[in-house]
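As structure tokens, here come the structures.
Next, two complexes with chain A in common: one pairs it with chain B, the other with chain C.
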Partner chain A sequence: MTLRKKVPFFFVAALAVLTVAGMAQAAMPAGFDDNEIRIGQWGPQTGPAAPWGSVARGSKLLFDIVNEEGGIHGRKIKYFIRDDMYNPAQTVGVVKELVERAGVLAFVGGVGTASGLAVKDYLAENKVIWVGPVGAVDEYVFPAKPYLFAVNTLYADEGSLLAKYVVDKLNTRKIGILYQNDVYGKAGLEGVKQRLAAYKMGLVAEIPVEPTEKDMASQVLRLKNSGAEAVILYVSPTIAVIALKTSATIGFKPQWVSSHTLSDYPLMNKISGGLWEGVITGAVGDIPDSKHPLMVKYREAAKRLAPEERWGVFYYAGIIFADPLVEALKRVGRNLSTDALLKALNSLTGYQTIGPKINWSEKQHQGTDSIMIHKCGPGGSYIKLQDWTANDLAAWKK
Partner chain B sequence: MDMKRDYYEDVQLFKSNVVLFWSAALLLVLFTIPLYTPNYYIYLFNIIMVHIILAVGLNILVGSTGQISLGHAGFFAIGAYGTVLMMTTFQLPFVLAILIAAFIAAFFGFILGLPALRLEGPYLAIVSLGFGLTIMHIIGGMDVFGGRMGVKVPPLDLGIKQLGISWILTTDFQKYYLILITTIIMVVGARNILKTRVGRSFVAIRDSDIAAEVIGVNLTIYKTLAFAVSAFYAGIAGGLFGFVLGFFDPFTFNMILSIIFLVMVVVGGLGTIAGGIMGAALITYLQYDLLKNIAEVPYFGALMVAVSKQWFTVVGLENFSSMAIGLIMIGIIIFEPLGMFGVWIRMKKYWMTWPF
Partner chain C sequence: MVEGLAIGACYGLFATAVVIIYKTSEVVNFAQGEMAMFSSFVAFHILSAYQYPFWLAFVITMLFSILLGILIEFLFLRPAKHPSILGMIVITLGAEMFLMGLASWKWGAEQKFFSLPLNPSVTYEPVKGMIITNWAIAVFAVTACIMLFLYIFFKFTRLGVAMRATQQNKHAAKIMGIRTERIFSFAWGFSSLIGAVAGMFFASRATLDPAFMMEPFLRAFAAAVLGGLMSIPGVIIGGALMGLIENFFGYFWPHWKPIIAFIVIILVLCLRPSGLFTKHYVKKV
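After this line comes the complex of A and B, so read on.
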């Protein structure tokens, strides 16, 4: 009985301890010291989205090259890859762990829109810089967030440029679009429409598709009946493959044009059984066998440092996302701080490696509006159709 | 010393003063944890406690009633989305919102319980699996739920907006106490359910549903009730989970999550409250912390890096995470079918007779 009376006592004691001690929050560890700069990235390495995990490993290659060359002003880069299995709950976990336990100066890349949106505010609150989120999301950059710098071309800009190419270079007037019924697909649709409006043209078919759809017969039939000679795709890899296979069965052979999200030709060619050959896509990086001196350098380094990796577009996209951060760190010099790095990033203009040209300023953190246009050749090879082109109609630049 | 002389002794919350003392000590530790733990771990504790609520609820269904569910991520999602929707669209206060969401989840649990009256084993597993997947896609297809882009969670306001009372929890530290208190209530609640008539009916159904029916247990009521109670727990857990995360999309609640929940229950120990707690804590810790940092573990980490270079795919050591959880599961089933709870019982017995 006496102990039963002591239960409230324990509660009171616990509460008393709490009130007296208050909230003694430990300070965050710094993101760098005299010998190293800590940089992190999350990305699915296992689970359903694992193929996109190569982005995070691509950034690792760049940091390995930098370290091999002696680091940045005497500091080596310590790079953390954390597998979040494409699950925002785990993304929040790994990001908090890296920020609060390891201490990181910046994050690069980061696959997964939901994952990115889940940690966006947390990173901003803790003044952690984030360069080059994978996937273009308006909320990342409009209005400009002080700590977030985007490298990827917006889907609307890409759609506009793809439509321009189809009209000007392919001389096709009958254009249809098959778009995923979400933010990604709708952004592409908007870009295409904007361009066609400038030509005083319209789409002959405008067909939404649910990302989980497994049967595309009715959609493809509608495209065929519309008489479309070119079809622009803003869909996921699975939907694209099903659409192409269905079209092949019913003898519908338009010129397929797709977003850069499907620009991994060897992969697409394999899963579509060779149907991907001849497809034109946008691209946010040079072709894999490009003669660009930096591309040659990175490709050779990959053979040496990561021989087990396939030299694919997603892999070196990891380099493209990390390149501007490395450049800014070099410009800062020995006196590193988050503020100094922000200043360097904000003044990065006309900077280009193997990706599009990056222009950032205090007010504008969407780095680019340019894409290349590539075509899938035999066996999943790359043919460059058009070099870097900026979107003259980009609405956000006005 | 474990002999019971009357019913009230069986339902007593604290069996002896020793138990009472250690329970109080545990509570004291739990309530003071944020004072001496780095902030990152608070997030981990929050996730663990959310999983504990869910695992304890799932264990009532799987462990005590003997029904299987591979769709608990669906109830979890209903709880998360329901709570957020109640708070944003209907402007309800948090406590009311999470309760309504949990009751909605319970209703769906009841619905899922109906086929369970006819189905058993793998067939029931398929139905529940289908349920979990369907919920994910239905939510993803509806704009009112934010579609596939997911929803941003509103501030966690414990007050009542309409009355002008506002008490917003922002940090993990503050949320910790809310989740801790909820977890304690839910765990004690689960224990009380299992110790009373309802719980005994569940166990009777598990052991033999025909025999249970013969002695007067209404199968229709108790089987669906088990599903509803379990779904209610998942709903409460889901509602809290949303606020721990701050943002989620439908695919956060995928099939893998349902399976992981089941793993927690099996590894922890089927049919016991402590089993659910231990399983949820262990599996969450492994998934969120230890297995993510396996390369930094002394000796073993270096060994695994070498193994990964030699045998694993290009992804490397990350593959080990799923393998480890699979191995633990297989190991538990072969060597300790009672799960961690079994280990705990044996440890207790050993110390009782120690040093003889």
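After this line comes the complex of A and C, so read on.
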């Protein structure tokens, strides 16, 4: 082929490729039709973080209830759960598949801060709404992202409220912290320090830990020697168990206080051999056996629609993260569109079901700064210590 | 310090399992951690599902771990035709993923509680400020027994001498009538048993889940490199040093604790590639 012949050939080939690519872009399916609204969620159903996979299945319960009650303005919810094995690389794959092939209007929940950060920009570029990311970090909401609406309380706000509880209610002034050396742990540390600074206090020990460590002897000994009477934990379940076991062997008995990420008491009590009893944690939902009418309704529905599931805090957290999206869809009415849904989400104020009160506006997509405080009772039972409390020091509200 | 030595002895014990395979076949077995994990899960299953007494469950688990080691060698490594060392290592990586997947499928990814029949609240304080736990005493005792057994085994038994001969020159050993394939099977079975003991110590200190041995494997490997991959006493001392160094840094500079093991590896590989306690590095030709 001569050069003169080659040039038009490549031109036509390039044009064909661009046309096909353009068609593929244009053919990206809409997230709904006359009969259904498609909603997706990723989460670890297998792999090391599989216990948190119940969040995605909890959201399914809510959508099943909605469908059972007739759907939303004549449309049923079609819900897709994809297993990403807590691996951000896999999250990208499953999210692209749901957006480009299945066609979803919105995502809810989504366990894993690293997983969420890996797809945050992709979802925004494709104008896919994302409600209630499970991770609670600044990167999701500051500055406000047009398509992302956070339901979970920021770890920094929670840390601040936990420190306040320790100082005010437990009357403890010697506080240490054991935190995971990542975004999650550092956010909790920041909140605790902010609160203590307001009291003109400081931490007696500030110990970082890697999530993979299996030996905590030196760190726990340092906490003990610091004289800490309360230790706040922003760590993984395994690290928390190692810390408690090690403390038990060296006779160190502080008041343990933890993030809501370790608020699955039956699980924590089981894997710690009963050492979790007495631990105080933050909570982003009411206690499992709450008499709140909606909790009763969901609990009964779970027995009927998902009898194989344990009614645990992570399971019904899936409801808490998906609830505001369902409410916004109801408010939109029959004339559904992404823009109409955004408008409804942006106007959701003072909305509360079994989670914290949600307030969103066009400029503010961090929905809450409140937590409850619970305590692990005998056999992994729940004791409610404090009802919903907002963080008066939340810097982002000012 | 005692806890540091005990965790170090545990790394050393596990590193011994790595070294036994390395000494016979020069293969670093990356499935070692998962073999220990799988055996620990078997112990957990016997204890929780069948409610057998601990010592019976322990004996069954030890037998299972030997069988597991032999099976891995027989099913994964032996079928490889003319494998290079790198090829063998890749096969062990495949075995690692297979075992992890199998454990996740059978027992789930959720953490499990595993304990040894040692009362955690009973501690001893021979000198003021020096607390010795039951767990540490058990680790020291078991490690000492296994070391003594290995010394006698490699020095005075025919099988032990055959294993050393196979390591030094596989072809010459074959010519001398040693059935090297059986030696490999034995090494894998024996290594799996020691790994299972160390795995149960680690599981009782933390939690049991399919990924729980990944980190201890890395630390044990670091201990083996520190002590010398060819020296069993060396890896025990390497493990103890590793435990002490890590705990020293964990107390004074906790940020450095996770990486100090790997800094040590790099330093040792730069300054003394054969390890601190191996006399000289023998390159086979």
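Throughout what follows, the second predicted complex is superposed on the first by the 372 of 398 C-alpha atoms of A that agree within 3 Å, B and C clash if a C-alpha of one lies under 4 Å from a C-alpha of the other, contacts with A are read in each partner's own complex, and residues count from 1 in each chain.
Here is the rule we go by: a contact is a pair of C-beta atoms (placed from the backbone, for glycine too) under 8 Å apart; a residue touches a chain by one contact, two chains touch by 3 or more.
In this text the structure is predicted, and so the values were computed from the model without any measurement.
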- Message: One more residue to check, A:A163. First (chain B), second (chain C), both or neither?
- Response: neither
The chain contacting more residues of chain A, comparing chain B with chain C, is B
Of the partners chain B and chain C, which touch A:T46 in the superposed model: first, second, both, neither? both
- Query: Is A:K270 in contact with chain B, with chain C, with both, or with neither (first, second, both, neither)?
  - Reply: second
Which superposed partner A:E210 touches (first chain B, second chain C, both, neither):
both
Notebook entry, point to check: In the superposed arrangement, does A:L233 touch chain B (first), chain C (second), both or neither?
Noted result: neither
On the A-aligned overlay, A:S218 touches which partner chain: chain B = first, chain C = second, or both, or neither?
second
| query | Just chain B (first), just chain C (second), both, or neither: which does A:K245 touch? | reply | second
So the chain A residues that chain B and chain C both touch are 46-48, 50, 210, 212
Contacts from chain C onto chain A in the complex sit at residues 3-4, 7, 104, 108-113, 115, 120-121, 123, 131, 133, 135, 202, 205-207, 209-212, 214-216, 219, 243, 246-251, 254-255, 257-258
Chain A residues touching chain C in their complex are 44, 46-51, 181, 207-210, 212-219, 221-222, 237-238, 241-242, 245-246, 248-251, 267, 270-273
The answer for chain A against chain B in the complex is residues 3-4, 6-7, 10-11, 13-15, 17-18, 21, 23-26, 45-48, 50, 53-54, 57, 82-83, 85-90, 92-94, 96-97, 99-101, 113-114, 117-118, 121-122, 182-183, 210-212, 308-310
Contacts from chain B onto chain A in the complex sit at residues 17, 20-21, 24, 27-28, 31-32, 35, 38-40, 43-44, 47, 137, 140-141, 147-150, 152, 173, 241, 244-249, 251-252, 254, 256-257, 287-289, 292, 314-316, 318-319, 321-322
